[in-house]
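Look at the two complexes coming up: subunit A is in both, with subunit B in one and subunit C in the other.
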Partner chain A sequence: MVSLTINGKLVQAKEDEMLLAVIQRMGIDVPATCHHKAVEPFGACRLCTVEITRPEWDGWTKHVTSCLYPVEEGLVVSTHTPQVIELRKTILDLQLARSPKARYIQDLAAQYGIMRTSFEEVPDGNDCILCALCTRVCDEMGFRAISTVNRGHGKEVAPPLHEAPPDCVGCLACAQICPTNFIKYTDNGDIRTIWDKTFEMLKCEQTGQPTITRAFAEYLTKHRGIPENYFKLGDLKHRHETAATMGRVALWERQEKV
Partner chain B sequence: MRARFYVNPILCTGCRTCELACSFTHSIGGKPGRSRIYPLPGGAPDLWVPVTCLQCDDPACAKSCLVNAITRNAETGAMDLDQEKCVRCMACIAACPFGCSLFDSFHNLVIKCDLCVGDPACAHFCPTKALRYEPVAVPVKRSA
Partner chain C sequence: MSITTPQQLEKLHRECRAKRERDKKRVIVCCGTGCLANGAAEIVEAFHKTLKERKIEGFSVEAVKETGCHGFCEQGPLVVIEPHGTFYTHVKPKDVANIIDKSIADNQVIETLLYTDPVTNTKIERYPDVPFFSHQQRIALRNLGKIAANDIREYIAVGGYQALAKVLTSMKPDQIIQEMTDSGLRGRGGAGFLTGKKWRTCASIKDEPRYVICNGDEGDPGAFMDRSIMEGDPHSVLEGMMICAFAVGSNQGYIYVREEYPLAVIHLQKAINDCEREGLLGDNILGTGFSFRIRIARGAGAFVCGESSALMKSVAGEIGEPRAKYVRSVVKGLFDKPTVLNNVETFANVPIIIVKGADWYKSIGVPTSTGTKAFSLVGKVKNTGLIEIPMGMTLREIIYDIGGGIINDRPFKAVQTGGPSGGCLPESKLDLPVDFDTLTKAGSMMGSGGMIVMDDRTCIVDLAKYFLNFLVSESCGKCVPCREGLYQLHRIVTRITEGKATEADLAKAEKLSDAIVLGSLCGLGQSGANPFLSTIKYFRDEYLTHIREKRCPAGVCKALIRYEINDKCTGCVACVPACAYDSITGEKKKLHVIHQDKCTKCGACYAVCTYDAIDVI
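The block that comes next holds the complex of A and B.
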């Protein structure tokens, strides 16, 4: 355990923790749009920047991204100094110029008092804030179907060569994790379409309730050892089957006792 | 594991008190559709089986979770789902052979029984003691 000071409070933290985890555990509201517990920290949005110092630094301070900074013994952290707030305002102002219609960014900017961007709005701006959560969660799950392409102004999230990604299984994790709901998909119960690739949905053999895509089920069978017949029924029918089985066992046990 | 969750279908009357207790404990408003335990007909007249997560030894939900959001809670013995880690790919719902990983479409969350972190509300409210949560006196050794 290491002890450090955050906003004047002495707190304990585990050795391998990052600053942001400790800050969020204390209930301090530090925005972090590219942070998710399921993926490794990335430091794309820079909004979780905090000011750190040490008693022996003679008043010198440093700005670091708290999601990537490991905790240290005797560190003094301030999460809302005027400089840090000004920095976050600039970032949100720029984000708002890029994604003026993204509700998530609008709300966050409004918290910091920015109702409209002071920069010129990007003419072909979209809701993608380039947090790369989608590509990182795809990597984390082991598919690596999408990635960020190009650099600078032209940076975007796309499948290889802008074609239907061969490794995608249609799990929708990227669309679910996207903070601005930029990744679009369609799902009518029979066919699911994402990244211009269509998937056949598996259905419960008895109720017709769609579960997951056939490609995802095949992946889970092959790499995670889930038996193929587990995917034959939907969750509702599985519960009824369980009840019937447990009921049979209970009746049998009662007859044995009598 | 210090205690164990017992289900005795013979005693269950299908009164659905457990459903209400669960949904009031875990969500606002107590909608029975958001419960994690369901009494279902057991295949014989007046036989009801409260179906809930069995906290398997070799859980298909944890194996199918590609971001390792479902882990064993060493204290309660339950398989806990970390909501902050879950990416809602629905793999666990499709993979669970007992259908006890559920989807809450209102909150857009995957939910499952976590034994109320060691104090299940359903066992407290069950009027016939069909659901019990009792300490295990001797550590149970499982035969192969």
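The block that comes next holds the complex of A and C.
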């Protein structure tokens, strides 16, 4: 455990934690639009920037993104200095210029007193705030079906060559993690469409309820070792039984390896 | 033949040197990219063809050397006859027979091919007497224009790989690092971090493997220092990397070169192949047990990939985006392993420091910035090109002594150093010594060594707009302050050049710049507002003239100027066909008129008028 001071309060933190986790645990509201616990920290939105110093730094301070900065013994952190607040305002103002219609950004900006952007609205702006949560969650899932393409102001999220992505299995992780609901999909129970690619839905053999896409089920069977019949029944009893078997198998495999 | 011991290397060195000295005369044909573009390859061919037919006593075709860049590209193609140093400029294939007859077979000088000094208007015969060269001190560029770029034996002849043999046989890694630290060599890529310190940190990390990377991703507009070294003296870079690898305990190196430098890639690859064949790269180098390999990683030309963490991601095959460097790349770099990343010029300095010693290197330059620095001197100076000067030389000496002053002797306005994210310094700063700390203190930076000189016809706001535009398109787009902030800053500056901005916009731009500097993820973003910040610092009045008076004093910003013909017009009609839009009318020998409704302000008439009869208002 390490102890550090955040906004004047002495707090304890685990050694490998990042500052943002500790700050959020304390109930301090620091915005972080590119941060999500499902993926590795990224440091793109810069909203979680805080000021840090140490007693021996003799008044010298520096600014770091708290999502990426590991806790240190004796660190003194300030999350809402006038300079930091000013930076957050400018960033939100800039994000609002790019995504003026995104409710998520509007609400955050309003918290900092910005009702509309003071900059020129970006002509080809949209609701994508380029937080890259979608591409990173896709990486984590193991598909890497979409990525950010181009650079600078022309950066966007897209499948390779802007065509239906061959590696997408229609798991919807990208759409579900998107904070502004920019990634669109349709789902009529039989067919799901996302990134211009259509997927057949599997259904529970008893209730007829759609579960997941066939492509996703096949992927999980092949790469994660989940038995095929797991996806045939949607009821919990069946799933618990299969999961328990899998758990035993996994435990057994682990013991074998040791 | 493979060299397996230091003694064999020494023997080969003596053989190659003796062979080089047997040639009574050597013909140096500059084959840098600039001269090649001007037809140097045809000149080499003409030499080969003519010498086949015409035999000259004591002179063989082998004495015609295709060397790297001399740095004086605007005078190219260049031919130098050594050892006298006869310096021929703008040589054409048809001149070759004449050069062979007069200057090689005989000792005559061909007057018409000599260089004319633009300051004194006199012809200069010898290479070392040309002011552009005589004020320089060449260390990193020591072999450029001296040895054939593509021949390992030429490099060995002039003492190449002696430093490698020295460190492998008589120095401990720790001693090498101490020597580098003592020399005071600072990274030539721009940040100026102490090379010895970087190596020591890397060597001290208990993690393996360690990597050595050479950063050849030179992307500043108008900069070509590293390109010239990689093309013209690739072995000095390889030798520097090998010494570094031995010092930090690495067995694998990478050279990251941009794809836009095809010749550099070809020459580096040839150098690597030659070293592997000769046994200077691979396993058990010179029989000492040290093994090292180098691979070339080609970049697709993204400016941001010159940033260390983005570069390493690109080498690893990922998207070239920087990461926060709270854990430095020397600790966790390529493939998350300890990595030394140095610039091309830094590595090129290493072998000679090992041979001549830290004390020698330290005696050049100033105490906090030792040694020399290569610059590409471009813009509105009479002599443009690649130069290397001892640190501490003043900007005035560089621009007026080496550069020969401003073209047409117009007034000097500003000099931009440090590449796109560097800064502009006005006339009052001309006597500042050029070193890392002084330039930073003055609000500019050393950067990798671009130096762009501007005269009174350069609009400073337009210049800021140009560099901001470059940075907007070269930002990787990962973090908001850089991607959106630079875009908005560029918009505001553009509005100023269009006469559509207010003073409130200027204040807004300054506030936005603070956020970009404070909030950006990597060095590109953090210095991205510099084109604006450094120009507003010294040229605020020019900004205000654009805003308040809607006027561009330099006559550049199209929206704020118009061309008009004054009464000096003689009616020579030269401007009439120059105008592609038929906006100039008038009778012969009578005053002409520009019709503003048709004029696109391209400036073509202004350029052709020899009577000073067109005003920019």
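Keep this in mind: the second predicted complex is superposed on the first by the 235 of 258 C-alpha atoms of A that agree within 3 Å, B and C clash if a C-alpha of one lies under 4 Å from a C-alpha of the other, contacts with A are read in each partner's own complex, and residues count from 1 in each chain.
The rule is short, and it goes like this: a contact is a pair of C-beta atoms (placed from the backbone, for glycine too) under 8 Å apart; a residue touches a chain by one contact, two chains touch by 3 or more.
Because the structure is predicted, anything quoted here is derived from the model rather than measured.
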Name the contact category of A:R151: first (subunit B only), second (subunit C only), both, or neither. second
Would you sort A:Q111 into first (subunit B), second (subunit C), both or neither based on which partner it touches? neither
First (subunit B), second (subunit C), both or neither touched by A:L68: second
May I ask you to decide whether A:T242 touches subunit B, subunit C, both, or neither, giving the answer as first, second, both or neither? first
First (subunit B), second (subunit C), both or neither: which does A:Q206 touch? neither
Regarding the shared-chain residue A:C45, is it in contact with subunit B (first), subunit C (second), both, or neither? second
After superposition on the shared chain, which partner residues are touched by A:L94: those of subunit B (first), subunit C (second), both, or neither? second
For a test of understanding, state which residues of subunit C touch subunit A in their complex under the given definition. 302, 304, 319, 323-324, 326, 472-481, 483-485, 487-488, 491, 508, 511-512, 514-515, 518-521
Which residues of subunit A touch subunit C once you look at their complex with the stated criterion? 43-47, 49, 63-65, 68-70, 83, 86-87, 90-91, 94-95, 97-98, 118-120, 122, 130, 132, 147-148, 150-155
Spell out the residues on subunit B that touch subunit A in their complex, using ranges where they run on. 7-10, 38, 40-44, 47-49, 51, 60, 63-64, 66-67, 69, 82, 84-91, 93-103
Subunit A residues within the subunit B interface of the complex: 36-39, 137, 140-142, 171-173, 176-177, 202, 211-212, 216-217, 220, 224-226, 230-231, 233-244, 246-248, 250-251, 253-254
